[in-house]
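In the two complexes that follow, chain A is the common piece, with chain B as its partner first and chain C second.
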Partner chain A sequence: MTGGYAPGRFVRLLAWATLLYLLLPITIILPVSLTDQRFLSLPAERLSLQHYASLIASPAWRGAIWQSFWIALASTALAVLAGTLCALGCWRLSRRSTEVVRALMLLPLIIPSIVYAIGLYRYFGRLDLLDRFLGVVLAHGVTGIPYVVITVSTALAAFDARLEQAARGMGASLSQTLRWVILPRIAPGILSGAIFAFIHSWDELVLVLFIASRQVFTLPRKIWDGINENLDPAMAAVAVLLIGLTLVLLLADLALRRARDG
Partner chain B sequence: MSAAAHALALHRLGKRYGAVAAVDDVSLGVERGEFLTLLGPSGSGKTTILMMIAGFTEPSSGAVRLDGRDITGLPPERRDFGMVFQGYALFPHLTVAENIAFPLRVRGLGRAAREAKVRGALDLVQLAGLAERRPAQLSGGQQQRVALARALVFDPNLLLLDEPLSALDKKLRAELQEELRALHRRIGRTFVNVTHDQEEALSLSDKVAILNHGRLIQIGQPAALYERPATRFVAGFLGTSNFLAGAVMDVAEGGFTLALGATRLVQEGAPPGARALLSLRPEKIALLAPGERATNEVAGHIAGWLYLGAGYALQVATADCGEVRVTLPAWRAPIAPATGLPVRLGWPADAAVVVAEDADAP
Partner chain C sequence: MRRDLGWWALLAPAFLLMTAFYLAPILQVLAISFTEPTPGLGNYERLLTNPAVQRVIGTTLRICLITTLISLALGYALAYVIALASPRARRWWLLGVLVPLWISVLVRAFAWVTLLRRQGLVNQGLQSLGAIEAPLALVWNETGIVIGMVHYMVPYAVLPILGAMREIDPRVLAAARGLGASRGTVFFRVFLPLSAPGLAAAAMLVFIVTLGFYITPAILGGGKTLMAAEWIKLQILDLVRWGLGAMLASVMVVTILVLLGIFSRVVNLRRLFGAGA
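Let's look at the complex of A and B:
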C-alpha cells in the first residue's frame, strides 16, 4: 500500500489489543490440549499428546466427529441447493416482492436460535423427526440457507446481465444459459456459501440440544456433555481440531475470493 | 448480396415507458444484404429499436417483420440473429474458441463441425493464433473481433451491432470501420448497426436512419443525407452547418431571394413559405480574392480560427448572417488567418439547401 497516513501509536496499540482479545481465549486451548495431567489444566512437567491419542482411540469421540461431518455435509448440500435457487429466482424476477423474500431468507440469522429451536421441537415431535439424522440435517440445512443466499446474491449482483442477453441472443435456452454462463460465473459465490453453511452446521449446538438426544450425537454436543460431566482434557484436543478445520475452511474461502478477484 | 441475406421491416414500431415514448411510430425497411445504421444522439431511441429487433424489448405497438413474416412475438433465442453487444459481452470464463463455439454448442453441433466452423470464423476476423486466450488477455480491438466472429459463426439471419466501435480509440476505430465494411461486402449479409458517431454512420452504411426523440427524422443514403438534409437537426447532426434564416423575396423559376437584414442571398429551389431556413456547409464557402465575384457575397472579419492540420476552421463575424463557420484547406491557403482580418465570403446559388425547422420534441 502506497500513500495514505501511517497509523498513530495509539491506534496501533488498540488494534493489537483487540487482536489479542480475540485470539487469546482460542490459543489458550492449544497448551491445555497438550497437558500431561489427567484434568483440564496447563501442562505441569512436559508436553504430551496422550489426550489426542485417547481421542482417536475413543469410539464415542470418533462417532461424534463422523456424525457431525455427515450432518454438516448433508445440510450444506441442502442449504446450497435451496439458497442458490432462491437467490437466482430473486435475481431474475427482481421485483419489490423478491426483496421481501430475500429479507425473509435471512431470518434464521436474525432470530435467536433458541427461539427457533423451541419451534422446531414442537413440529419435529409431531413429524417424528426428533433425534433423527434427517431432522438435524433439515434444521441445519434451513438455518444454513442465509449464508448461501447472501454470497450467491453478491455474486449475482456482480454478474453482467448482458452476458445472459448475449447467450439468449445466440439461441441458448434458459437451462443452457444457466449451466454454461450463469453458474460458472457465480460458482465462487456458491462455494463460499457452502463453506459457511458447513461451518455453521459443524459447530451448531443449541438446535442439537433441543432436537437430538441419543441417536444423533454431534461433536459440539459431545463437548458440551463432556464439560458438564467431567473435565477431560480430550475436550481441549477436540477444540483444537475444530479450530483447525474451521481455519482451513476459512483459508480456502479466502483463497477462493483472491482467485476470483485476481 | 448472398442468398442467405434477409430483409427486415419495421412497421409503425413504438415503445412507451409510462407516459414517455422512447420510440414513436417508426417505420423503415432494410433490403437484403444492406448495411443500415440507426444514428442519433443518446436518448433518441436507437438502442431501444435495436433491442426490439433483437427481441429483448417488447414493442408497445407495431410489428417487426423478417422477409414479410411477423416476428414481433418471437423470443430472442428463436430469431437466429447475431449480435455484437456494446462492450462485447464476451464470456470471461471461456476461451476465445469456446466463446465463438457457444452458439454452435447451443445448437447441438458435433465437436468436429464446431471446430471447423470456429477455425473459419477466427480466420474471417484474422485471430487464428489467439484461440486459447481468455477475453481478459485480449486488446479492445481483438475483443471486438471475437464478438464479431461469435455473432457470425452460426450464419445468422441478421447481424445486429450495438455501438460496436464506441469503446475503441480513434485510430483503431477507423481501422475496424474499414474491416467491418469489407466484411459486410464479403459475406453479403444484412447488417443493422447503432451508433451516435456520425462519421462511422457515413463511412459504414448503405443507408442511414436519423433518429431524434424516438422519431425517425430522415432515412437515406449517406451522401443524400449529407447533401440534402431535410431538417435543421439532420443538417446539424451530420457534419457541421451554418444556418441562415430570412424572409423570402422575388420568387422566380427554380430559385428565390432571401433577405437577411440588408443582405440579399440568391438560392436555388422552391421556398417553403414566407420565411426560409438555409443550411450551408462550411466547406462550400469560398474566401474571395480582391475583385473576385460570386453569386452570394458576404463581408466580415475573422473573429476566431483553429488550425486542424489538414485545414483551418474560421469563425467569420458578419453584419447580417451572424458568425459564419468556414473551413479551408491549409495547403496553399489563400490567406494567413488572423483575428480581426477582413474577409469576403462567397458561394453559388446551389451551395446551400432549404431545410425545415424540426417539430418540437414530444
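Let's look at the complex of A and C:
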C-alpha cells in the first residue's frame, strides 16, 4: 500500500515515540528486577538475582502463584467447555435465532468488571461462595467465556459446513460428528480461546478484590497489596515472571495461528 | 426443528452459567439502586443534588475524554505508519502494539509507578541530565492516571483504525496524487475521510473501556483523584452505602449500553467484537 504515498517525518516520529511509550514500562522492569540495591532502582554496580531468590524462598508468594494457577486452570476448563459448545450451537443454528445468546455471551467484555464485582459480592454472600475457590472459578470462568466464543466462532467460520452435513447424512450421530469431524478442525481455535481465558483469569484483580479475602489469595491480589504497602524489588521480579509467562502464551497462540493458516 | 434440538442443547451450559452467575448479579445491582436504603428514586435524585456525586462524574468524564483524545491521536499515527509499511515491517509494528495489550494491567501500573514516582527513573534521569531542578509530580495525580490509561488504550485505538485504513484502496491515493493533489490534500481530502469509520469505532471503544477503569486510576491516582469505579468501591466496601454505589454502577452500565446502541446504528458492531477480532 505505498503507491508513492508514505507517511511524513512528523507522523513517523510520533509513531516511533508511541511505540517506545508502549514498550518502555514493560522492558524497564527487567533491569530493575536485577538490581543489586535494596530498593527499586536500576542496578548500580552489578546484576543480581537476589530478588528472584527471595521471591522463590517466600511461601506467601509461592502460595499465591499456586492458587492463581489452579484457579486459572479450572476456570479455563469451564470457559472452554461452555464457550465451545455455545459457539458450535450458534454456528449451526440460524444467525437470527441465536442473536440474543451471542449478545449475552459478549456482555462481560462490555460491562465494567467493577459493576459485576459489586453484584457478585452481594450475590455470592447469600450463596456462601465468598472467599471460596469455587466462587472465584465460577466468576473467572463465566467472564472467560467470551474469549472462547470469539476464537471458536472464528475457527468455525472457516469450516466447511458440508462436511458436517455429509457426516450426518452417512448416519453419524451428533456426538460422533462433533468428536470426529468438527472438533479436530477447530482444535486450534479452542486452544487459542483457552490461552486467552487463562491469561484473563491469571491477571484478574477487580473481582478477586471483592469476592476473596483470606482463604483465596491470588497472585494479582498479592501484587496489589505489595504496590500499596511496600515497593520492593521483589515486585519487579514478579512482574518480569508475569510478563514472561504472558509472552510465552502469546507466542504459543501465534504459532497456533501460523499452523492453522498453514 | 426436532433435528435442531441437539444443537440447541449445546447452548444450554453457557446460557445457564451466564444467566445464573453473570446476568443475575448484575440485574441485582440495578435492583438495589432502586430499593436501598428506601424504595424509590432517592439514589438517582443525588445525581442532581449531591455535589460529591457530581464531582466524581465530572472527574471521570474529563479524564476519559482526555484519555480518548490522546489515545486516538497516538493510535492514528501508529496505525497510519503500520498501514503504509511493508508487510514485513508491518508484522513487527503489530507485534509491538499487541504485546502490551496482553500484559497485565497491574504489572503495567507497577512499572509506571517505578518510572514516574519522585525518586523514580524518569525524575532521576532528568535530574542527572540537569533538565529539572526538583522532581516533577508525575504520579499520584491526574497526570499519572492519564499516562497509565493512555498506555492501556492505545492498542485498542490502533486496531479498529488500522482495520479501516487497510480497506482503503491504494489506487485511490495514487489517483489523487496523479491528478495533482499535494500530500497534505491527499491526506485531508481522501485518506482521513476514508478512515473516519475506524476512528469513530476506536473513539467509542476507548471511551467505553475507560469509563469503568479501576486498577490503573486506583494505583496511579494515589487515592486523591477519584474516578467512578473507585468511588463505587469506596461506597460499598468502606462506607457500606449500597444504594449509592449501585446507582452509579447502574448509570455507568446504562451509559455504556446507550452509547453502544446509538453507535451500532452508525457503524457495524461486528467490526469491534468481530466474527474475527
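In this section, the second predicted complex is superposed on the first by the 246 of 262 C-alpha atoms of A that agree within 3 Å, B and C clash if a C-alpha of one lies under 4 Å from a C-alpha of the other, contacts with A are read in each partner's own complex, and residues count from 1 in each chain.
Here is the rule we go by: a residue touches a chain if its C-beta (ideal position, glycine included) is under 8 Å from a C-beta of that chain, and two chains touch if they have at least 3 such contacts.
Fair warning: this is a prediction, and the values are worked out from it, not measured in the lab.
Of the two partner chains placed around the shared chain by superposition, chain B is the only one that A:162 touches, whereas chain C remains out of contact. Once the two structures are overlaid, the count of chain A residues touched is higher for C than for its counterpart among chain B and chain C. Looking at the shared chain after the overlay, A:256 reaches neither chain B nor chain C. In the superposition on chain A, contact is made by A:180 with chain B only, not with chain C. Of the two partner chains placed around the shared chain by superposition, chain C is the only one that A:40 touches, whereas chain B remains out of contact. Once the two complexes are overlaid on the shared chain, A:89 sits against chain C while remaining clear of chain B. In the superposition on chain A, A:170 makes contact with chain B only, while chain C stays out of contact range. Taken together, the two complexes place no residue of chain A in contact with both chain B and chain C. Residues 1-8, 11-12, 14-15, 18-19, 21-26, 28-29, 32, 40-42, 78, 81-83, 85-86, 88-90, 92-93, 98, 101, 104-116, 118-123, 138-139, 141-143, 145, 149-151, 153-154, 157, 174, 199, 202-203, 205-206, 209-210, 220, 223-224, 227-228, 231, 235-236, 239, 242-243, 246-247, 250 of chain A are the ones that touch chain C when the two sit in their complex.
Taken in their complex, chain C has these residues touching chain A: 4, 6-11, 13-15, 17-19, 21-26, 28-29, 32, 74-75, 77-78, 80-84, 86, 93, 96-100, 102-115, 121, 151, 154-155, 166, 168, 170-171, 173-174, 177, 183, 186, 208, 211-215, 219, 229, 232-233, 236-237, 242, 245-246, 249-250, 252-253, 256-257, 260, 273-277.
The part of chain A that touches chain B in the complex is made up of residues 160, 162-163, 165-173, 176, 180-181, 184-185. Those residues of chain B lying in contact with chain A across their complex are 54-56, 75-78, 80-83, 85-87, 89, 91-93, 102-103, 105-107, 150-151, 154.
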